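Each of the next two complexes has chain A plus one other chain: chain B in the first, chain C in the second.
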Partner chain A sequence: MTSYLGNFLLWLSLFFAISQFFISRKSNEQNKKFISISVYGLLISSVSSFFLLMYAYVVSDFSLVNVFQNSHTTKPLLYKISGVWGNHEGSMLLWILVLTIFNYFIFNLNNKNNYFFISKCLETQALITIGFILFTALTSNPFERTIFNQQDGLGFNPILQDPALAIHPPLLYVGYVGFSAAFSIGVAALKLSEDKKIPWHLYMKPFVMAAWSFLSIGIALGSIWAYYELGWGGWWFWDPVENASFMPWLLGTALLHSLIMVEKRMLLQNWVLLLSILAFLLSIIGTFLVRSGILTSVHTFALDPARGIYILVFAAILGSYSLYLFGTKSKKFVNSNYFAFFSKEGSILINNILMVVVCLTVFLGTIYPLLIEALTSNKISVGEPYYNSTAVPIILPAILIMGIGPILSWKKDDKLKTFKKILPVVVLSALTTIFIFLIYKSYSLIGIAGVFLGLWIIFNNIMILIKKLKNYSIGMVVAHLGIGLMILGITGSTVWQEEKIIKMKINDNIRVNKFNLVFNKISEVEGPNYVAIRGNFLVYDNKKNLITELNPENRFYPVTNNFTTEASIYTNLLGDLYSVLGEGNINSGWVLRIYYNPLVVWIWIGAFTIFLGGVVSLRNNLTKLKSLY
Partner chain B sequence: MKTKKLIFRKIIVITFFIFISTLFLKNVIAVEPDEILKNEKQEMRARIISKNIRCMVCQNQSIDDSNAPLARDLRLLIRDQIKDGKKDYEIYNFLTDRYGDFILLKPPLKLSTLALWFLPFLFFIIGIFVVFKYSKK
Partner chain C sequence: MKKHILFFPSIFFILILLIFFYLLTIDRDPSKVPSALLNKNFPKFETESLLKEKKFVASKEFKDRIILVNFFASWCNPCRIEHDFIKRFSNNKKIKVIGINYKDNPKKANEWLKKLGNPYSNIALDKNGRIAIDWGVYGIPETFVVNSDGIIKYRHVGPINKKIYKKINKIINEN
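== the complex of A and B ==
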């Protein structure tokens, strides 16, 4: 029953998407009613199909293959719900849901003057939606029916049962899919290139801002999950799956900043249009990389190629269509406004270029192993060391420029005046850096560079706030402050991480940084769908005061027959004490791995600050947009 | 009929994975205390090398992070070779002779990886060039 209803809703949404496509192609005032029916129909049918699947998960309706394979009656309610998008088929349904919501937002922008333009946007958005609904219905149908009556589901990977990961995909998808709206608007602007009066950049900016903010927080939550759940003590691994979300983020960052340039000076419009196309294409290619299985090996892709080939062909169609349009129409957007190197737009352009270069480098590192494997008999790995020596050095000058860019004025700035303005900040950052290093007496070149750059960004933005420099945007200051805090966190946790691996018996103690850990007891505990061995460690500071207790666990999930390690982490503003319990027994002791990760929490604080800044800017963008109506 | 076959296949695959996981998934963490060398300098070298060596049976994990038995074997092998007085490059060579370049997380500079290492640099130069060309206007 659920299966029939779900399939019906899926095909119904396809019907509405197709009708939206054809009606918006021939847009005139009489059609407006039909477009509106299609948009609402699409929204309602995709929302219902999504909630139908969610309902099936909540009531454990094992007549659906998808629920049977990915859920279990003993799973906590939160993870039953997040199980909807914790698997491929369900996550595609979520993708469609977000697409149609953005479709609705675009539709809502229409008024008497821009109706023609908006219907052009809706045409492209409908095309994208059709592509994804067909993909879901044909290759990844979440409403497939089971033949036999199933008593209980097969559960799903316990390592994915984590609150951060539960909300990570929806946020990430708002990011990816938000770029679809920017893509549609960009394509529409190119199509109507004759009409100079359309303020397409004002329509595009809120979508880019929303996409970028949610992508930022989505990536951060993925990192938080990796940090808390994987138990390796790290939070970013340059994994291809991470790269797939990082690449659109980099282009999104470039797009966001160059949109400001269009808004203030009508410069580089064609560049912005190109970025809006590429950002979404990269989102699709990222999905292809993650979903096709090609990342593990070119050969695993060959085992089940339908999905991968579909996405690839779809991306190729969208790509060639939009890039052809760009190639033929973009010349109309060239303008010859005065452009100087030493100005706000100069700094934005340089950082734009640097972001794109980093993005290309990450792209190269991600696909190069696949190329080598496909073209030669060899296989290579491209891991963290590669990115550390290529991408990271390009990011450093970008951060340096990021500190001074907001202070520069538009058109042309005076070099001497600027130097006087930033001198106090340079001195303050340098002195603070020296001060910090005199206290901690741990010298490292990367450490010094990182701390200086972090402080450089923070002090510059504080100066903007104090001096109330001309028409700064508060959202920008907040987001940039977030980046500064994040740099401090990243530097601290990578340069000064301490690690101890030892075997401990009850009552043994170990010193890590300024903490003293005492192994108090070990016990068996029973969770809702797992059993665990839990170590209990008392943590004392230098003055022998009890600060906290760490309870790292080893869990066993009988349903999926999985073992997981559950790290126990004591967090404070200076650093995290991170403990992982290993194997052992009463006689010989238990293995314990302890990290001291300085400043890690500032990475998360920074990320949330960035998100906050994005949301504040989004509000400003929307206010500006409303003034058009 | 087709879906029936499909489900059957999926069930087989899943049972197979459960079976495999019981064989391999013992609950251990990466580097274990009994592996650690007494000589701190040697241990440091071992850790740095292991961070650059890929765990062959994992996805994008170094043997230093991995808890797979094969990764442990390699960690022990590296430590044995260090104790035998081998130089770092000799150990890397030993490993690539056996497992190929795939085992290195930082790909070596070769004809086939020329583009990988030099393109980012080239992109950077082109980028700078574009900025200068554009700002002359």
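== the complex of A and C ==
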């Protein structure tokens, strides 16, 4: 029953998407009513199909293969719900849901003056939606029926049972889909005839802002999950799936900044249009890399080459259509408003170039193993050392410029005046950096650079706030402050991480950084759907005061037959004590891995600050857009 | 600005797609790591048998015929998925299917086989995973084809599906 209804709703949404596509192609006012029916029909049918699947998960309806394979009656309710998008098929349904919600937002922007423009956006948006619905219905149908009656499900991978991971995919999809809106707007702008003056950048910016903010927080949550759940002591692994979200983020960052140029000075319009197209195409290519099984990664989605071919064909259609349009139509956007290198435009341009170069570097690193395999049939893997020695050195100058860019004037700025303006910040950052290093006495060139750059960004933005320099945007200041905090966190946790692996018996102790750990006891505990062995460690500081207890666990989930390690982490603003229990027994002792990760919590604080800044900017952009109506 | 510059992105994009397309169409499996044991003698072992009272001596079992060696356990879900294919192999008169029961409780393994059917002509017990280490197994299910001279000809990591089933049959027919 659920299966029939679900399939019906899926095909119904396809019908509405197709009708939206054809009606919006003929964009005259009489059709408005029909477009509206399609948009609402699409929204309602996709919302219903999504909640139908959610309902099937909540009531454990094992007549659906998807529920059977990914759920279990003993699973906590939160994870039954997040189980909907914790697998390939269900997550495609979420994609479609977010797509249709954004589609509805775009439709709501229409008025008399921009009707042609909006219907062109809706046409492209419908094309994208059709592609995704067909993909879901034909290759990844979440409403497929089980042949036999099933008593209970196969269960859900326990390492995915984590609150951060429950909301991580929806946030990422808002990001990706937001770029789809920017893509549609970009394509529509290319189709505009020259006599129609539509400020397309005002339409594009809120979508890019939303996409970028949500992508930022989505990536951060994924990273938080990896840190707390995987038990590897780190928070970023340059995994292909992480890269697949990081690359659109980099292009999104470039797009966001160059949109400011279009807004203020109508500069670089073709560049912005190209970025808006590429950001979304990269999101699709990322999906392809992850879901086709062409690469292996820690994120194992069910693999099926048919899916890969489908996404590739879809990407080829969208890509060749939009990029061909760009090739033929973007010439009219070239303009010759020149600017000096030492100016706000100059700094944004350099930022753009650097972001794109980083993106290309990451892209190359991600597909390099594939290239090598195709050419020589050797297997290689590209890891952290590659990215550290290529991407990081390009990011460093970008951060340097990021500090100064916002205080420069448009068109041209005076070098001497600027230097006087930033001198206090340079001195302050340098002094603070020296001060920090004198206290901690731990010298490392990359550490010094990182701390200085982090402080440089933070102090510059505080200066902008205090001196009320120019008509700054508060969202920008907040987001940049977030980046500054994040850089401090990243530097601290990578340069000064301490790691110890030791075999311990009861009452043994070990020293890590300024902490002293004592192995107190080990016991068996029983959770809602797992059994675990839990170690108990008492943590003392230098003065022998008990600070906290760490309880790392080794869990066994009987339903899925999974063993997982549950790290126990003591977090404070200066650093995390991170403990993971390994194998062992009473006689020979237990293996314990302990990390001291300085400042790691600032990465998350920074990420949330960035998100906050993005949301504030989003509000301003929406106000600007509203002024058109 | 010269107009053809504006077409660069599309050319670049098409090139990348072509590479991906090529990689998808050639027969490759990203999770496949070539085994160091390929074309070498199988690692010998002696252990208890799950089915018989007599000791399992590999050198006596692996003789005269092509052997399909399948590492499995009752706790392993993917093993259940591939079980139908293992059963199909057991109908093939040219080969002998040997199971290696990996880190399992013999009682549970017996129940499991009773429920799903037993395709194995004999099963070696690998209680502590020692045999699996010698064979370079890093995750079960894993399947090896050993020819009648005791040489390992093929190894597959993960559950057997239709494609792999056909491939293994081809290898069996070649040997």
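A few notes on this one:
The rule is short, and it goes like this: the second predicted complex is superposed on the first by the 618 of 629 C-alpha atoms of A that agree within 3 Å, B and C clash if a C-alpha of one lies under 4 Å from a C-alpha of the other, contacts with A are read in each partner's own complex, and residues count from 1 in each chain.
As a convention for this text, a residue touches a chain if its C-beta (ideal position, glycine included) is under 8 Å from a C-beta of that chain, and two chains touch if they have at least 3 such contacts.
Keep in mind that this is a model prediction, so the values were computed, not measured.
By the touch criterion defined above, A:K379 reaches both chain B and chain C. By the document's definition of touching, both partners, chain B and chain C, reach A:L154. Within the superposed three-chain model, A:G175 lies out of touch with both chain B and chain C [touch as defined at top].
Looking at the shared chain after the overlay, A:I502 reaches chain B, while chain C stays out of its contact range. Chain A is touched at more residues by one of its partners, and among chain B and chain C that partner is B.
By the touch criterion stated above, A:T560 is placed in contact with chain B and with chain C alike. Overlap of the chain B and chain C interfaces on chain A comprises residues 154, 295-296, 379, 560-561.
Of all the residues in chain A, the ones that touch chain B in their complex are 65, 69, 144-148, 154, 231-232, 234, 237-240, 295-296, 336, 338-341, 346, 349-350, 353-354, 356-357, 360-361, 364-365, 368, 372, 376, 378-386, 389-391, 394, 501-503, 554, 556, 560-563, 565, 580-583, 591, 593.
For chain C in complex with chain A, the residues that touch the partner chain are 1, 3, 6-7, 9-10, 13-14, 16-17, 19-24, 26, 28, 30-31, 33-34, 75-77. Touching chain C in their complex are the following residues of chain A: 154, 270, 274, 277-278, 281, 285, 288, 292-296, 305, 308-309, 312, 315-316, 319-320, 323-324, 326-328, 330-331, 334, 367, 370-371, 373-374, 379, 560-561. Those residues of chain B that touch chain A in the shared complex are 3-4, 7, 10, 14, 18, 21-22, 25-34, 36, 51-52, 54, 59-62, 65, 100-107, 112-113, 115-117, 119-120, 123-124, 127-128, 130-132, 134-135, 137.
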